[in-house]
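As written, the chain order gives the labels A, B and C, with residue 1 at the start of each chain.
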Amino acid sequence: MRVLVLYLLLGCSLSAFGKTWVVDQNGKLNSIKSTIAHSADGDTIRIMKGIYKEGNLLIQKSIVVIGIDYPVLDGENKYEIFTIAANDVSIIGLRMINTGVGSINDISAINAIESKRLKVINNQFQNTFFGIHLSNCWGSLVEGNLLHSDTEAEHQIGNGIHAWKCDSLTIRRNKVSGHRDGIYFEFVTNSLVENNFSHHNMRYGLHFMFSHNDEYRSNIFQNNGAGVAVMYTKHVKMISNRFEDNWGSSSYGLLLKDIGDADIQLNHFGRNTVAVYMEGSSRCHFTQNIFSGNGWAVKMQANCDENIYSKNSFLSNTFDMATNGSLVLNTVDSNYWDKYEGYDLDNDKVGDVPYHPVSLYSMVVEKMPAAVMLWRSFLVYMLDRTEKVVPSITPENLVDLHPAMRNYDYSF
Amino acid sequence: MITVSNLGKKFGKLEVLKSIQVDFNHGSSYAMIGPNGSGKTTLIKCILGMVIPDTGIITVNGKPIANDWSYRNLIGYMPQIGRYPDQMKIGQIFDMIRDLRQDQSHMDEDLIREFKLVQMRDKRMHTLSGGTRQKVSASLAFLFNPRIMILDEPTAGLDPIAVEILKEKILAEKNKDRTFLITSHIMSDLDELTSNVVYLEEGRILFNDTIDLLKEETGEVKLGKAIASVMKRNLKDAEKV
Amino acid sequence: MIKIAKYILYDILRNRFVMLYTLFLLVVTFSMFSLDSDPGKATLSLLNIILLVVPLVSIIFTTIHFYNSYEFIELLLAQPVSRKTIYFAEYFSISMALATAYIVGVAIPMLLLNFSESSFYLIIAGLLLTFVFVALAFAASVSTRDKAKAIGVALLFWFYFTLIYDGLILYVIYSFSDYPLDKVTLAMVSLNPIDLARIIILLKLDLSALMGYTGAFYKNFFGSSVGVIYSVLFLLVWALAPLLLAMRRFVRKDI
C-alpha cells in the first residue's frame, strides 16, 4: 500500500512534465486504446474503476498507466492485453484477466519487448496465459504483483513471470500461483529476485537456465509440482530462501543441473521428497542451511565435484545423503547431523568420530525404490548397523570429519 | 441319570474307547476302575464335555449333551490335579465359580467350613500346598448341591484327616438320591464309598454290576482282591486265545 | 464372559512377568526421552524397540500362560459355561493385561513427556500389535498339546514376521526391480502385522521419502489418511482372523 502511494506521488510529480489523462467508463474519455493513441511521451493515463474490454493495447510511448481501485482489463480469452515496445513504461495497479491462450505465441497480460526501465507494480493477474513476459529487457522492476491461474491442464497455462534475454531485472514481493513455472528465467543476468512467494505452480516454483550472476533472496517456494529447478548457470547466490513441501518422485526442493560456483546459504529446506538434487554441478557452496523433515536431504550424483557442504543442520530427514557412485570429490564438513551417535570426549563440541551421511539402505533404495517400504524395519536396522561396523558399499570418503555435537542455532 | 451309548473315541490311531455302553443311575454310586490307560479319564471327560466323542451319544436326564452346556449345572467335578491361577485368592476362586452358576439357592458350604478354608480366604493359590488345593477342588465340587458328582482320585494328596472328612461327606451325600462317579486307585476307599463297580480295560467295559455281586462271583471279601482275580481271569482268557 | 475375565485379568496383572514387562517398558521409555533431547529421535528409537519387544513378549507370554492355565481351563469347562465364553475370556484378559502394561509403560509416559501426533500413532501401533500377537499365540497354542512345541511355533511366528518375511520382500523387490512393484509391495507388506504397524509410523515420520517412490497410486494412498486407516483395518483383521480360527479349533478340541 505504501509503495502504491509512493508511486502515485511519483506519478503526480511526473505529470508535471507531461499531461494526465483520465479514462472513465462513465466519462467522456472512456477508451484506453484511444487515450494511448492520443498521449505523448511522459504522459500519465489514469484508469478509473470499471471493466474494459478493448482487445490488445499496444504501447510505443514512454507513458505511465495507473489504475485507480483496480480497473479490470479483460482479454476475453482472446487477446494479449498489453504489448509494450517502448522505454520507461510503467503499469501500475491494474487487474488483468482472461488473456488468450496460444500454443505458438506466448500470449501474455504484459508482453514487453526490448523495453528499458519498465515498471510493473502492484497489478493483479487472474487466469492469464503468461503473466508478465519480458524479452530483451533491461533494468525492469516487477514488484508487488499477484498472479494466479485456475487452469488445470499444463499445456493451457504459461509462466507467471517469464524473462528471456534480459539484464538487471528486479523481481520483488510478487506472489505467483497456479502457473506452469512461477518465475522463469532464460539468459537473464545480473538480476535480483527477492521476497517472492511462488507456490502451487504446476511445474516449477522457480526455473532458470543460462542466467548467470543472479541473486535470489528470501523467497518462498512452496508446494510446486516439481519444486525448483535451475540449470546451466554460473555464479548464482541463493540466500535465506525457503524450499518447502515439494512432494513426488520427480519433485525437488532445489534441483541443480550443471550449476557452477553457486553460493547457497541460510536457506531452509523443509519436508521435500528430495531437498537438494545435484547433477553435474561444481564448486557449489552450501553453508548454514537447514534441512529438516525431508525424504532425502541431499542427493548428489557422482558427476558432481568440488562442492562443499559445511555448517548445515540436518534434522529428521529420512536419509541425509545419497549418491550413485563410490568416487566422491566433494567436501562435507562441520555439519550438524541429528543421526550422529558419536561422542565428544575433549568437549570441543566437535564429535570425535567421523560421520558417514550415506547409509547403506539409502543406496539400496536408490537402486530399488520400492525397498523404501521396508525402511525402519528390524532387517534394515541390522543392515545399516552392519554396514557401519564394516563399510563395504557406502562411499568411504564421503565423510564429515568434524560433525557438530550441537545443532547450529539458525533462526530464520 | 446318565446314559452312555455306543461311545467311541480315537486319539490319532489309538482307540481309547470302544463302543462303551453304560448307564449311571440316580441314587447309585459307581467306582470306575481299570489299569492305567484303560480309558477311565477319557470317559469322564466325555461326560463332562471336555473330550468330544467320535461316535455315540451321551444323555444326561434324557437330554443329549452335545453342543449344550447347561447340563453342567447338574454336575460337580473334582479334578485329579487342581491347578489355579497363581495370583488368585481362594475367596476369588469361590466367588468366580459362584458367579458362573445360575442356581445358587442351596449352597453347601460344609466342606469349606470343615477344611477351614474360610480362614484362608485371602491366601493366594501359589502359596498353597497340593493338599490344600485338593481341599479347594473338593469344596467347589460340593458347593452347589449337584445331582451328579464326578470325583477323579478324590483322596490323592489329602492328609488322613481331610480324607476322613471328605469320605464322610461323600457317604452323607450318597443317601440323597445322587449319582456318584468316583475313580481311585485305593480299593478300600471305593469299597467304602461305592455300591457299583464299572471295570474298564483297553477301552471296553468288562464288568458293570454291584460290588456285592462282584465279590460273590469271585468269592473274595475285599473289592481289591475281587478286582485282582477278575484281572487274572482276563489274562488267562487272553492267553488261551 | 466378563464374569470370568475380570478374575483372570486380576490374576495376570499381578503376574511377576507382566510387572517386569511394565517396568521394562517404563525404563526404556523414560531413558529414551531423557537421553535424547530431540523427542522425534526418541520416538524413533522407541519405535525400534517396540516393534521388536511387544510382539515377542505378547506371543511368548500368552503361549506360556495358556499352557499354565490348562488345568484351570479344564475346571472352567466343567462349569455350566460355553467354550466360546471361556476362550474369549482368556483372550480378553491376556490382551487387556498386556495392553495395560503397554499403556502404563509406554503410552502414559509418552503422553506426559512428548505428546505429538507420531506418539499417538506409536501408541496405537503398539496396542494393535499386542492384540495381534496374543491372537497368534492362541493359534499356536490350540494347534498342539505340547507346550515346548507351541512355544517353538510362537517364536517362529515372531522371527518370521520380524526378520525372515522382510528379507523375502527385499528379495522379491530385488529380483523384480525392473517391474512396477508398488501394489505388489503394498500387498506383501499387508501380510505382515509388524510391517503394517511400522507403516503407520512411517506415514507420520517419513512421508516425504515415501512420496519419492512411484506415482499417483502411492500418492493417494499415503498422502491422505487412507494409508493409516488401511493399516489399522488390516491389523484388526490380523488380530481377528487368528483369533476366530483358533476359536473354531478350541471349541472342538479335546482338553
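Observations on the structure shown:
Heads up, the rule we're going with is that contacts are C-beta pairs under 8 Å (C-beta built on N, C-alpha and C of every residue); 3 or more make two chains touch, one makes a residue touch a chain.
Since this is a predicted model, take the numbers as computed values, not measurements.
In summary, no chain was found to touch both chain A and chain C. Relative to the centroid of every protein C-alpha atom shown, the closest chain centre, again from C-alpha atoms, is found for C. Using mean Cα coordinates as chain centres, the one most removed from chain B is A.
Centroids of chain A and chain C (each the mean of its C-alpha atoms) stand 46 Å apart. Chain geometry summary: the mean Cα position of chain A and that of chain B are 88 Å apart. Computed centre separation for the pair chain B/chain C is 42 angstrom, with centres defined by C-alpha atoms.
The set of chain B residues that touch two or more partner chains is empty. Listing the residues of chain B that touch chain C in their complex gives 11, 45, 48-52, 69-73, 75, 77, 79, 81-88, 92-93, 95-97, 99-102, 137, 140, 150.
Residues 3-4, 7-8, 10-12, 14-15, 68-72, 74-83, 252, 254-255 of chain C touch chain B in their complex. The residues of chain C lying in touch with chain A in their complex are 38, 40-41, 44, 47-48, 51-52, 162-163, 166-167, 169-170, 173-174, 177, 181-182, 184-186, 189, 194-195, 198-199, 201-202, 205-215, 219, 223. Those residues of chain A that touch chain C in the shared complex are 247-249, 251, 271-274, 293-296, 315-316, 318-319, 338, 367-381.
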